[in-house]
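Which chain is which? They are A, B, C, D, E and F, in the order written, and residues in each are numbered from 1.
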Amino acid sequence: MPKSKFVKESLTIMTEMVMPNDTNTLGNLMGGNLMRMMDVAGAIAAQKHSNRIVVTASVDNVSFVNAIPLGNVVTLEAKVTRAFNTSIEVIVNVFSENIPAGLKDNTNQAFLTFVAVDQSGRPIEIAEAIPETDLEQELFEGALRRRQLRLVLAGRMKPNEATELKAIFDL
Amino acid sequence: MPKSKFVKESLTIMTEMVMPNDTNTLGNLMGGNLMRMMDVAGAIAAQKHSNRIVVTASVDNVSFVNAIPLGNVVTLEAKVTRAFNTSIEVIVNVFSENIPAGLKDNTNQAFLTFVAVDQSGRPIEIAEAIPETDLEQELFEGALRRRQLRLVLAGRMKPNEATELKAIFDL
Amino acid sequence: MPKSKFVKESLTIMTEMVMPNDTNTLGNLMGGNLMRMMDVAGAIAAQKHSNRIVVTASVDNVSFVNAIPLGNVVTLEAKVTRAFNTSIEVIVNVFSENIPAGLKDNTNQAFLTFVAVDQSGRPIEIAEAIPETDLEQELFEGALRRRQLRLVLAGRMKPNEATELKAIFDL
Amino acid sequence: MPKSKFVKESLTIMTEMVMPNDTNTLGNLMGGNLMRMMDVAGAIAAQKHSNRIVVTASVDNVSFVNAIPLGNVVTLEAKVTRAFNTSIEVIVNVFSENIPAGLKDNTNQAFLTFVAVDQSGRPIEIAEAIPETDLEQELFEGALRRRQLRLVLAGRMKPNEATELKAIFDL
Amino acid sequence: MPKSKFVKESLTIMTEMVMPNDTNTLGNLMGGNLMRMMDVAGAIAAQKHSNRIVVTASVDNVSFVNAIPLGNVVTLEAKVTRAFNTSIEVIVNVFSENIPAGLKDNTNQAFLTFVAVDQSGRPIEIAEAIPETDLEQELFEGALRRRQLRLVLAGRMKPNEATELKAIFDL
Amino acid sequence: MPKSKFVKESLTIMTEMVMPNDTNTLGNLMGGNLMRMMDVAGAIAAQKHSNRIVVTASVDNVSFVNAIPLGNVVTLEAKVTRAFNTSIEVIVNVFSENIPAGLKDNTNQAFLTFVAVDQSGRPIEIAEAIPETDLEQELFEGALRRRQLRLVLAGRMKPNEATELKAIFDL
């Protein structure tokens, strides 16, 4: 069993400029291109925690509230929230900045899970991720509920067994 | 109010070959690249229904179960499930095919929502989407539950008001 | 000798949105980018017929009549017309759609030929392609004339031996 | 009427290295990517002759005989052969070179036609192209036959009116 | 005159994964692709300092000592060193990491200069950059020498007037 | 020791059209993209001289004086200036042309060095490069000074040992 790590050790910061080919007819970043960036940032954070090749296992519900126009700078901050047996949950926060105008928004937040694998693609056991700050602790605890929601949505857990999930739905 | 349409009128089929730059270290399609393809296919289906420019509003939980290797043919089938006031839910089914080996899998399924907008990006009222087959009818009805789940997850609806959602969790 | 197939089994539909980087100075899809899309769509149709890796052998004369502007949806429909010993002729029809404006044109049509090969690139014998509809029958018969024209243009057949070709030139 | 130019003034040399994403499953340059390069090289040659924006009007039959592997250097030489009223025929010769192995082949040859247009896309009258060498003279004369073949294939000229074309078919 | 800023306020971290199309025949990141990444990272740092659109004015001598293989994670850290009248010098440090192998190198370092411009591309006066740490102070002072070297190499300053430059050459 | 070659044998001409995705917010070619093109052109010239795989060793100071707008044609002319033991210096001249406007500028000039390597990446001895014209002779001689400047800047030569370099600084 590999040695546990602090979640902060996985912090990955990715900065991108929105290029013409990333945009839709209105000149804003296409949702699918932002998801591609989230996937790369999240995978690097999961690699840093596990020191393994990782593959994407799932992406939780992502909302797109603010448009991100051509020329804006997009910053993605990815950090592991919790490690399970062979899978790793990562939170990715997206910031959009129009630097000449001095505007910066936290436009999106997403949770992705990755599985650590060996060279032939077989899952491998990974180290624990230790939260330190209050926010990290809160994300660590919420990871259990989000995991149950994923299993229920994928039809791999019965809703009435999802005891932790009830906390989300206040039941 | 625009004239209603049958959901089948929005069917969009997109076929792509997995190219070297789409792959990860193991030689398989990266999750983020598949999400970009889903977004484009879904947006075209939503355009076909609304005859409007559309922007991505959300992507529901997506699972990546089967690896899709370099050289495989990826087919995405996108179809509107239901139209709300200004938003449109689309289902995207992904098939991966190794043609020389004669193997074809339904690797992923995702629900995306789009908002129809005018040239200045303001939401516009859209036509109803009429289901015909049993499967279309089932997807039409489920759209209400999935919408409540999105609103609860985004903190815009209280869980105890999500009456339809209870059907998912069998409460 | 592999088992024959119906030509309709090779039908491949590819949908693309015209992105900024695909366009020329006038904001329209560049001819060369459309040819790249035709090549991918045609290759997948030829793969579906032969269940083999295929390589492009030739592209017949292609005309570009209508400009396809940025943001339009391009649909390519590729279908095998006839299989020869180791080569396969495919027809690709291109449709351009400005969905918000409700305009759709059949902008281009092209015939491409592919050769089925094994892993070391050597040509392999392929199954017959059986036409069913009147249009498929007509394309099947025309394939012989188009093949003679290719051989004459490549200097590999003497014009006076191209007996079928005379039908085109009404001689 | 703009002033005539020598055909050699349009000579355009384009050199590209075959990158991973340009290749097919066998590791060779995909036909469609080579056609995209031909289109760019040809368009620049046509621009040089006409000093105008140009759009692709047609590509004549192209054969792909030799595979061009990853890492090879591709050189395209494009030169105007003849200018008609508003259209320009360009010949593009493609050379593939494995420099470490000391191998160089003339892998493809293609004729493309371009139309010179103004900013709103309307065709514009262009200068004559004056051939000087024997080869340029031969290409200049052949342009008439190739043009008739294009018109016949596009259904815009009756075969029995294509007097020049008869020279090709030796009738 | 805009208000001065601390150099640390411009810190920009960019993380990229080496993709197949970024590599050369040996499977390592091509020098030119790394320079493109440096340019984007540096431009964002210069934007953060000036709150303006910036254009690249020069890149100083860059050495490529260590190969960066496919799949490695490249981290670029860019920070302003000194602002002159309308130009900004930025240092970019490049780290290459093979995470599964636990290897991380500082592979390259480069100095780039950017000019802050208005919407019509005219240079604009910019704020001072205030160094705080010893390293920042040292980079701030060295900026003068590097600037003289650029001017001498561009033929815009006579070597014997480059008083600061003599410190480099120990004269 | 391989047989010497004339420098003119390495001449490599690369022509590119500035595409939307190559441009910055002002619609001009980004510096980093031009550097990527310079690297590819230079590497091909160094390959032609050495008949070997080459890797980029360094890029000298590059200035960006003239903006190169979208749609312009960029021509890069690369030629070896001198070969040392295992490294090759190449000069790359960049021309930018607005063909419809009849404008052509020599916008940039850069010196890059490459190392010839075998399949496992080990440096290999290379042939001499023989200058013929006066300009080639001048570039051949200057290569020694530029090499010393690189070594001094990289901290691998003491400034007072850089005897040739003094010629640049007129000391």
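One rule holds in what follows: a residue touches a chain if its C-beta (ideal position, glycine included) is under 8 Å from a C-beta of that chain, and two chains touch if they have at least 3 such contacts.
Bear in mind the structure is a predicted one, so any value in this text is a computation, not a measurement.
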*Tell me, which chains sit next to both chain A and chain F?*
C, E
*asked:* Can you give me the shortest step count from chain B to chain F, moving only between touching chains?
replied: 2
*Quick one: which chains contact chain D and chain E both?*
B, F
*Between C-D and B-D, the pair with more C-beta contacts*: C-D
*Between chain F and chain C, distance of the C-alpha-averaged centres to the nearest whole Å*: 42
*What whole-number Å value describes the gap between the mean CA coordinates of chain A and chain D?*
49
*When the C-alpha atoms of chain B and chain C are each averaged to a single point, how far apart are the two points in Å?*
30
*Could you list which residues of chain F touch at least two other chains?*
20-21, 25, 40, 43, 53
*Which chain pairs here would you call touching?*
A-B, A-C, A-E, A-F, B-C, B-D, B-E, C-D, C-F, D-E, D-F, E-F
_Taking the touch rule as given, give the residues of chain C at its contact with chain B in the complex, in rising order._
12-17, 40-41, 43-44, 47-48, 51-53, 73, 99-100, 102
*Once bound in the complex, which stretches of chain A touch chain C?*
20-21, 23, 25
*Residue ranges of chain D touching chain C (in the complex, touch as defined)*: 24-26, 28, 30-33, 35-40, 43, 53, 55-64, 67, 117, 119, 121, 149-150, 152-154, 158-160, 162, 165, 168-171
*What residues of chain B sit close enough to touch chain D in their complex?*
19-21, 70-71
